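What follows is chain A paired twice: with chain B in the first complex and chain C in the second.
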Partner chain A sequence: MHIPDGFIAPQLYLPLYGIAAGLWAHGAKRVARDLDETTLPWLASLTAASFALSFVALPLPGGTSAHVTGVGLLAASFGVWNAFMAASLVFAIQALLFGDGGVTTLPLNALAMGFAGALAARGLFLALRRFHTGLALFLAGWIGLFLPALLIALALGAQPLIAHDAVGAPLYFPFGWAVTLPALLIPHALLGLGEGALTVLGGGLIERLRRRYRHD
Partner chain B sequence: MTERGKFVAYLMTLFIVSWLTAPAWLAAGLGAALILCGRDAGRLLRRALLATVAFSGTVSLAYLAHSWWLGRPPPLGWLLAANLRVLLMALLTFLFIARVNLFQALAFSRRLSFLLVLAVSQSMGLRRTLAEFRLGLHSRSPRPAGIKARYRAAAHAAAWLLDRALANAHESAQAMQSRGMFR
Partner chain C sequence: MKTLGLLLAGLLCLAHPATAHDLQYAVSGANAVVVKLFFVDNAPFSFEGYEIYRAGEKLPYQVGRTDSQGRIAFLPDRAGNWRIKAISEDGHGLDFTLKTDAAAQVAAADKPAYERYGRIFVGIGVILGLFGFLSLYVKRNSP
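Let's turn to the complex of A and B:
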């Protein structure tokens, strides 16, 4: 479920846009440095894969399902900046072409999921892969889902403190950290197990495919 | 007005609306947006409602229950203002989507346009095939599929998706090379 426009106060989304803009500029420079007929389709395909991964339903007991983010998989396999730029493009496409999510929530999603989630996933993967590649991929997938949930819970829970009226009533998202932290962290800690399992599967597959296309 | 001008106008309007907290101003804004929608008003309002109702509805009901639990009066002012703001901003987005060609709005950058066209066209294809995978699982299962079958199907779908995405990248790169792009 994406956060629509209108729940995040400008006092938060404007500084987040400032931070995200700096990272986007740096990311674009890094990607553009070797943006050619090989890297541009790569980035486009990663974006498309990241977008489509969000439509893969992760089955949960009781007949319900949640959706994969793929951030851990993209970061572990293609690096932080590629994952960040692809995820940011996905959020922009979802907001501006499908009305899913929002323009004012874009920097929060991009920074939490695309950057912090990708950075943690990549770091954990690089640190642990020498011991056990499968475990490293699993934990990359788990942290790639859990850390963004923590950051989004913190951002949402900060809304009543950031924007309130004269008597202290909230003007945007109404719940504080006492509600947002358990509401987001408990389900995402469990959903991360599924995301981790799919990251193990996808990571192995990507390596095999890379070898195949390299020799093609 | 050019497509790029409309894009800037949309972003500016969204920015102004995000500051509004008075229900009267938000209701006036919603009225103005509906007038701008013209004959599409009903369709776009429905889409905006459907896109936001899950999150807004959950938060609104939870906040109402929370206030009741604490013995406070119902937060009618917040309910009105927050839901009007969310609906107005979503309506503006759907009006933008209906009236503005995003590809033309971003045509000032050749590479950004390439990237967007490639990403969106591939996304659409991948999404359509994933929907077919889902329908395939339903049609193969006389009874609702169990969690193991659904997990296996999700893993196959993700694997196919990554395979297809990498193949697309490879094919697009070869197509661009053969046409002398970036030279």
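Let's turn to the complex of A and C:
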């Protein structure tokens, strides 16, 4: 789901860079204010784990593959801004050092997966944890993967409308919503189950370790 | 009999333009540039659409789909840079440039600097290093 360069028109990625820059500036202030010596090693470990998880591709029906992101776990455990900044760091390293995901598409990847995904995951987790923590973590993981897939499918499918030549041929991503929505939503609805299970396991582990080190 | 012969000759003359639509083929060996596209788990980018452009041109030089092994083969007609764009319906893909001469000898391709496992270790190292610097900052500012 890391969109490479050449897929998104400047009419979309330039405004997205403006929005993302504002959120990155605000996020940096929030992280600097909220982070302390106890939470920082946790966030560092989970960010590194999120980076490593993105290399684990799971095969899906239809011959394609997808990967979990860990954004739901980051958001449920450390809040939206920490998750957004950590995910943005991962996407930036992938794009700038390794060519996974584009530089022009970095704001779309960061806003869809890092911000919207984290916001939905954190919101759902806070709303549901009073009823059942495990279910809240599971749904946080699922929505943290599924909502970004929806946003990216919409952004990709809009490209033929946004940027085309005189005869109507797309200049960037060539497929419309009729193709992108099922192509992205069906696999990610299934993969979200794996992301949800991972969030339950990871969230439980973090909570146990936190309690243990608090008592030490 | 003579009339029949003239009739046959006339029909053959009329049939001549139809040969323009008779598709022929010729087989020859040639050097091709072969580009293999695959995911980080080495799964091939199979049966996905691609476009190849000469440097600076908007009309594709070649379009098609990758084969079952995720490969693209093309025969450059000149030396220079070639832009290869491969896109799947779910948003995976690549857009990169390679340089070749007219004999399909590849001179350079703008591929990522690290391979798969190297990437994971380098990336984790960069992340932990950045957080290390951040912890120094947090420690300095803590009361």
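The definition used in the following text is that the second predicted complex is superposed on the first by the 189 of 216 C-alpha atoms of A that agree within 3 Å, B and C clash if a C-alpha of one lies under 4 Å from a C-alpha of the other, contacts with A are read in each partner's own complex, and residues count from 1 in each chain.
Keep this in mind: a residue touches a chain if its C-beta (ideal position, glycine included) is under 8 Å from a C-beta of that chain, and two chains touch if they have at least 3 such contacts.
This structure is a prediction, so every number in the text was calculated from the model and none was measured.
Engineer: Look at A:Ile93 in the shared chain and tell me whether it touches chain B only, chain C only, both, or neither; answer first, second, both or neither.
Structural biologist: both
Engineer: Which partner does A:Pro187 contact after superposing on A: first (chain B), second (chain C), both, neither?
Structural biologist: It touches chain C, and chain B stays clear.
Engineer: Considering only touches as defined above, state whether A:Leu53 meets chain B (first), chain C (second), both or neither.
Structural biologist: The first partner, chain B, only.
Engineer: For A:Leu43, using the defined touch cut-off, is the partner it touches chain B, chain C, both, or neither? Pick first, second, both or neither.
Structural biologist: Both partners, chain B and chain C.
Engineer: Once the shared chain is lined up, is A:Ile152 touching chain B (first), chain C (second), both, or neither of them?
Structural biologist: Second partner only, chain C.
Engineer: As a test of reading the superposition: which chain, chain B or chain C, is in touch with more residues of chain A?
Structural biologist: After superposition, B is the partner touching more of chain A.
Engineer: Once the structures are superposed on A, label A:Gly6 by its partner contacts, choosing first (chain B), second (chain C), both or neither.
Structural biologist: After superposition on chain A, A:Gly6 lies in contact with both partners, chain B and chain C.
Engineer: So chain A touches chain B in one structure and chain C in the other; where do those two contact lists coincide?
Structural biologist: 1, 3-7, 32, 35-37, 40-41, 43-44, 47-48, 51-52, 55-57, 59, 63, 65, 89, 93, 97-100, 102, 165, 173-175, 179
Engineer: Show which residues of chain A lie in contact with chain C when the two form their complex.
Structural biologist: Where chain A meets chain C, its residues are 1, 3-7, 32, 35-37, 40-41, 43-44, 47-48, 51-52, 55-57, 59, 63-65, 89-90, 93-94, 97-100, 102, 152-153, 156, 165, 173-175, 179-180, 183-184, 187.
Engineer: Inside the complex, what are the residues of chain A that reach chain B?
Structural biologist: 1-7, 9-10, 13, 32, 35-38, 40-49, 51-53, 55-61, 63, 65, 68, 89, 93, 95-100, 102-104, 165, 169-175, 179, 194, 197-198, 201-202, 205-206, 209-210, 213, 216
Engineer: Which bits of chain C are touching chain A when the two form their complex?
Structural biologist: Listed in rising order, the residues of chain C that touch chain A are 39-41, 43, 46-47, 49, 58, 85, 87-95, 111-114, 116, 119-120, 122-124, 126-128, 130-132, 134-135, 137-139, 142.
Engineer: Which part of chain B faces chain A closely enough to touch in the complex?
Structural biologist: Residues of chain B touching chain A: 11, 14-15, 17-19, 21, 47-48, 51-52, 54-56, 58-59, 62-63, 66, 75, 77-78, 81-82, 85-86, 88-90, 93-94, 96-97, 102, 111, 114-116, 118-120, 122-123, 125-127, 130-131, 134, 144, 147, 150-151, 154-155, 157-159, 161-173, 176-177, 181-182.
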